[in-house]
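We just call them A, B, C, D and E in the order they show up, numbering each chain from 1.
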Amino acid sequence: MRKKIGVYICHCGVNISDTIDVEHVREVISREEGVVLAKDVMFACADSSQKEIIEDIRREGLDGLVIASCSPKLHLFTFRSVAERAGLNPYNYVQVNIREQGSWAHSDNKEGATRKAIRMVRAGVARVARSEALEKTRISAVNAVAVIGAGVAGMRAALELANMGTRVFLIEREHFVGGRTAQWGDLFTTEETGKQIVGRLYESVRGNENVTLFTGAEVVKKEGNIGDFHLEVRIRPRYVRQPCDPEELQKAIDVCPVEVEDEFNFGLTRRKAIYRNYESEYPRAAAIDEKACTRCGECEKVCAAVDLGQKEEKISLNVGAIILTTGFDPYEPQPGEFGYGEIERVVTLQQFHRLLEMNREKLLFRGKEVRSIAYIYCVGSRECAANEKCKGTHKYCSRYCCTSAIHSALTARKKFGDLTVYHINRGIRTYGKQEVLYEQSCQAGDLYLQFYEDSFPEVSRNGSGPVIRVRDFLTAGRELEITPDLLVLVTGMEPRREDHIGDLMKVPRGRDHFYNEIHMKLKPVETVIDGVLIAGSCQGPKNITESVKSALSAASKAHYTLRKGELALEPVLAEVDREKCVWCDECTDACPFDAIQPVEYKGKKVASVIQANCKGCGMCLPVCPQNAIELAGYTDEEIESMIDALAEDL
Amino acid sequence: MKKERTIDVIKKERKVPEEVRENLKKFNRIKKKILEALQEGPRTVPEIASAVGLSTPDTLWYLMTLLKYGEVKTGEPDEMEEYFTYQLAKKK
Amino acid sequence: MNTMNKGSYDALVIGGGIAGEEAALNLANMGYRVLMVEKDYSIGGKMIHLSKVFPTLDCAACITTPKVSEVARHPNISLYTYSEVKEVKKTGERDFHVKVVRKPRYVIEELCTGCEECERVCPVVVNDQYQWDLVGRKAVFIPFSIANPRVAAIDIDHCVLCGLCEKVCPAGAIDFTQKAVEETLTVRTVIVATGYRLFDPLRIPRYGFGRFPNVITSMQMERQLAPTRPYNTVLRPGDGKVPDNIAYVLCTGSRDHTVGNPICSQVCCMYSIKQAQLIMGALPMADVTIYYLHIRAFGKGFCEFYQQAKGMGVEFVKGKIARITEKENGNLILRYEDIESGKVREAEHDLVILSVGVLSNDEITSVFRGDTLETDEYRFIRQKEELSSPALTSIRGVFVAGAASGPMDIPDSIMSAGAASSEAAAYLTGDRK
Amino acid sequence: MKQQERPKILVFSTEKISDPAIDMAGLLKLHYPPTVYTITVPCSSGIKPRWIMHAFEKGFDGVFIAADGTDCPYGESCTDKTARVVQMTQQMMQEKGLEPARLKMAAICSVCSEPFVRQMKAFTEYLSRDGN
Amino acid sequence: MATKVRPELAKELKRYGADDFNACYNCGNCTAVCNLTEGNENFPRMMIRYTLLGLKEEILSSRELWMCYYCGECSETCPREADPGELMAALRRYAIAHYEPSGITRLIFRNNPLYILFTLLLAVLLGFFLLTLKPEMSVSRWIFERIPYEVIHNLGLGAFVFMGITAFWGVFTMIRKLRGKRVNQEQGKGRFTKAWNAFRAMLREVATMERYRKCDTYEDEYFARKPWYLRPWWIHWSVMWGFIGLLVATTLDFLFKDPATMVWWPSRVLGTLAGLLMLYGATLALFYRILRPVKTYQSTKLADWVFLGFIWLAGITGFWMEIAVFAGIETDFSQIVFLIHTVISMELVILFAYSKFAHAFYRPVALYFSNLERVN
């Protein structure tokens, strides 16, 4: 079918016509095959011209439109909407850029510019003659989101989505919500403790009819694509029913013969196989540690709420998007790293936070009062900066630890009176307003020593306590010795060590092994897997505020993608010619978006494009040995006809 | 379609401050001098400055403004490769 | 001034920088009708003027311009540039009365095609604020090449009323009869994304800024490194010499009680490191020294970026510059204590860049009537629940995005804008707590 | 007249990155020969070798790929993949007796107008020396 | 060998009047903004560091302490408001207190209320002692009726001797410590010439205050905009030389009895000029301390008030007596004024040994050692 094409050539005031002989171009083009109408206009973008174009399209019944004017970056959408208003498919419109790449670029060569313009417009006409009317594909989308991980980031994302009207499934691996924040006591910039924030958020989550919370739950299977994911979730039993009499529970805990390290206190204390995290934990119900429990049944005898007969459940969820807020693990120092594990009075920052929480009047560690504390910074962060021999792999800065350590020192002073505090650091990074904390700490009398990039403090033993030797950068390299009552290793953040969910979702990791976003600035919470978003510290070290910000960002992205219940996909998508395809698998390798999968066709395996995942980049085109893939809007026919037109002699 | 020139309307309402006029005169004067100095061939900023009798920072400012509006273009660097030379964009 | 009633919007976004854009786009994509008010001639904020961004070194324009044009053409966003919010008054939940003044640019926006004909004929030259005074511009001018809207404006204060622009304008877009127009509107929620101000180094006379032409600010260097740079290459403004020994003075106006700003500006370390890398690329023979107190390379990829700069040969010296003096040849002597050796040293450089800090931009608080928009002790917008709801302000229904609430880098600003938009959307839905 | 029209260069630019740079070259009135023609595609790694070969067949003297480089909105793999396209095509060119240097690639960031113009001038110069 | 960190010292220093130095974040601004630092003389930051780490010996053996004239630029521009200048002052007090063996200075400097009582009592004693030299005056007679002449005379003598010994001990201790710190301890012939040169340079500084004048070199500094006669170095010069002049005049007076009535007698003229000079300096200094235009004057300690007040009073009472003698007013009132004058003068002498005033002999020692390093 031959198209009826209308061509408009814009003077752009004099911007184009000063250099290009617009009238001549128009004349040449009017003789082109298929061109039923060729006009020159003073300003194509002006309202009056737009109206004129619409009238022309309707009157002449045009089914192809070419406007030669400025760059499509400026007015492609303007003229596409002109086409649409006139009832013409917007993809049957082509804009030819004879200003930025014509008159302006070649204002020194009028003749050349005019000839170039003629060829360019011809190419546009050739393209339109072969262009297909494309429609945005609409696929239905479930307005529901699975948020995986119920720390502050997860709970905030869930709440916000729910408040905006999206259904949320909040899936937590542990039996208790709150993640790392629950383990922190006092927090910087607020009077609230970590527990209180967790408590408040948990209450909001519980009271929100749009959120369903699963604890002890893990996603074990993921299928589908954006708008329509199918998740299978395994829910481990708690073995403790609600309501549960607290006295009976206490008895059950007392009789339990199994004792294991308490992860909540980072191994500082031990707990039973039936346990609770803390007084006001969320949900307020004890749980039995499946792995540790020997099923001896003692607890069942003294506590009516215990039910060892509970079984694991599996549920299926259908969601439109997934937000991963799986958090981080604190760095675990190597045995012997700065005396860790070898000298008794050496703890990690996280353990120290717990110590601050657990002690009341005096700061006690293993029965002895602590009056002086030394911190060694950057343990497990900024490794190998200057040292080639270093074996560590954590080259990144963990961002939160400087502030967290300083804050813990100030909290300790507030709680336990005047202490002697040494901060053996590598350059304090209390960025932004956190700087005031650093200043307060100095004023309170904390002493800051700085070690060199390539010379670490040495820790040796003196009885049960540590002796630290450090060359102090700030005192012209003098070697100093400190014998604190307690050494705190300021350990940073690591990606989750157990991370089957990341593997399941196929989320790419960055060089630091944290989840990687597509683009730090343009798409900071999106991953290359459409519909899978990341937020919080699973993406990289972040403090609470930053985690929450990213969580809320992810919530807004997820919400606006799904809210209409359908997704409109750009029609510029790859298409596979099933006849030609021999399924060599090259295209799946080339596609960074997991958008190509094999399907059966006429008894053979052929490639098929998952439209929801395809971004229309065309990366699969050149790799196909059969030339079986084309990109809509950029077909061989279109491109080659353009080349013909551009190459043609005048 | 052509409406009345609006400049005439505003001229009745606004007075042009003296310093704005002075600024214009000064610019025209300096522009003329710089372009004259460049008639003889490519020059560096300190050379232009001494020819024009202006401080080097001011010379640079005016020169770069002329460059921006296409009166002047950047030439080759001097022998020491410390300074660029500048020349007239159009032959007069 | 005429007052017009211009109807209602769901959200008012004050400020068209990267944070405002992100927040507006999110809300607009959710189907809300958004009004964005920007006081400058173009949206894009500070970011659009930057060279490249750390730590990825992609060009700032490549990242802003897509967002800028998306904002400009989004059917749900109305854009008022060169306009100021004069009054915001909360009259009830999800009901704010707003007054906006649209200042005259003396150019009819709809008609102007950005052809620059007027600029060519205008005889007046004044400092170009978009090049931070490094070069001149005309009295009628297109703010900068990637401005949006890319429309001319007349700087009437410097106009000699010659009328040439009107005579040559092919689109008949010049209109000297324009007057400021005040519009009253109602909106249901407000997002404050007014960004930040840069520290003015004139306040530290010891650094000689304003007296020594070869002492410049980091923003001026940013312009020199940008693709649309004023000098076509990196030159020192004192005499146009190609600099070969460049110093960065960090913490200029940050972490400094004597100028009333005790907090860290969070971005100066990284932008200086970035500029140092770009300079090394532009002038391979140049030495770059960064005088720092602490390198705050805390974000994703920052530490690696810092190491990369070291690897390229950028010199890092711990020590605050106490004083700068000028030599006859325009070179500068920097006096500092080299903390590593504990000794006073003097170093000579031929160009000094003051890495100026980030200050609050709190004028916006004065337009709120009735309820006060509270600020914190550093005059940034107070975040009512900084940890769990970072976008909440002291007024319910008014949210803060980006550097208006504190120093922030671009990813953080974008995230905080995301937070503001989702909080605003939840507020608009009528929250169910 | 016609010899002025040589050498003809076909540029493949990308919508979000290199084409804006080429636009800006015009905006800044940085001149380059009008015998440079541009076809814009979404991503430089999606250019088919056969298109390039087609251009040579139809009389283009040179083909230039203004690649996205690391700025590519479709991910970092773009650079490698574009390089592979070039490699594949150059092999095809060799088989057809075409000089591989007639196909060039360079990353052009979205504001790299000057580098683009430099590339165009240099390529034109190279091709005209080569052709005549 | 690693040095043990002793954080107690920082707390101890607070008692000597330094409050804010903990805030230091080691930017080095103070060291570099100071016009007096150079090459091997780097302060105050390193001194702050020594204080924080408790490196007592480093402090006591540092000549840098005395190279500082407290221009105040460091405190003025300290980004953390750590007031390094004040720490330097406190460290000087600390050093004086530790050089001086009797412990009296230590008592005084820790702002013990006993301080006022003790010094006043001592001053009264020594004032009375002076009167024993003029037993004919009616005030003297009145006193000796109540306390026996011999008691006062012998106690006073003893006190003078004690003071002399402790002062010398202090200076000796300082020299020992500074010698120990010297980098290049040369032997051989040249060293005497060098010592002589160093000594001369020290004298020149005392005479001209060349270094002190460097304080206000830059336009942005407060005093740089003032004429020389309103600058701190001139205050210091005039008080110091006024004081010395008066001391000389008094001695001459004492040696050549009774020229007191003759105004144009050379020692009289010297005394008048010196007195005026001292009064000018003291008045200006008090004025600045009340006005507090710069940081230096914002933390005036009790000891400073006492010292300046006494200088000023000594001057005023001196001139009153001068006028009284000249006009021939012989009343009880002028005798009481004379009593006050003697007591105050003695107070100043005591302060000489046990106070900030002691810098008058510690600083030259430090200058000497500094010059020694330099001529080397």
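The rule is simple: contacts are C-beta pairs under 8 Å (C-beta built on N, C-alpha and C of every residue); 3 or more make two chains touch, one makes a residue touch a chain.
Everything quoted here is computed from the prediction, not taken from an experiment.
Chains that count as touching both chain B and chain C, per the definition above, do not exist in this structure. Put simply, the chain farthest from chain D by mean CA position is E.
Relative to chain B, the most remote chain by averaged C-alpha coordinates is E. Chain C has its Cα centroid nearest to the centroid of all protein Cα atoms in the structure. When every pair of chains is scored by its C-beta contact pairs, the maximum goes to A-C. Centre-to-centre separation between chain A and chain D, using Cα means, comes to 35 Å. Centroids of chain B and chain E (each the mean of its C-alpha atoms) stand 63 Å apart. A straight line joining the Cα centres of chain C and chain E is 54 Å long. Contacts with at least two other chains are made by residues 73, 428, 439, 474-476, 519, 522 of chain A.
Multi-chain contact residues of chain B, defined as those touching 2 or more other chains: none present.
Multi-chain contact residues, meaning those touching two or more other chains, occur in chain C at positions 56, 58, 66, 255, 318, 339, 342.
Touching chain pairs in this entry, ordered by label, are A-C, A-D, A-E, B-C, C-D, C-E. Per the touch definition, chain C reaches chain A in the complex via residues 26, 29-31, 53, 56, 58, 63, 66-67, 69, 73, 110-111, 113, 115, 117, 150, 170-171, 255, 262-266, 294-304, 307, 318, 339-342, 376, 378, 385-391, 406-408, 410-412, 414-419, 421-423, 425-426, 429, 431-433.
Across the complex, chain E meets chain C through its residues 25-34, 37-40, 42, 45-46, 49, 76-81, 218-220.
Within the complex formed with chain E, the chain A residues making contact are 420, 422, 428, 438-439, 442-445, 447-450, 469, 472, 474-476, 478-483.
Within the complex formed with chain D, the residues of chain A that make contact are 71-73, 97, 99-109, 112-113, 115-116, 119-120, 123, 518-519, 522, 528, 572, 590, 592, 615-623, 627, 631, 634, 636, 639-640, 642-644, 646-647, 649. Interface residues of chain D, counted against chain A in their complex, comprise 2, 4-5, 8, 10, 19-20, 22-27, 29-35, 37-43, 45-51, 54-55, 58-60, 73-75, 77-78, 81, 84-85, 88.
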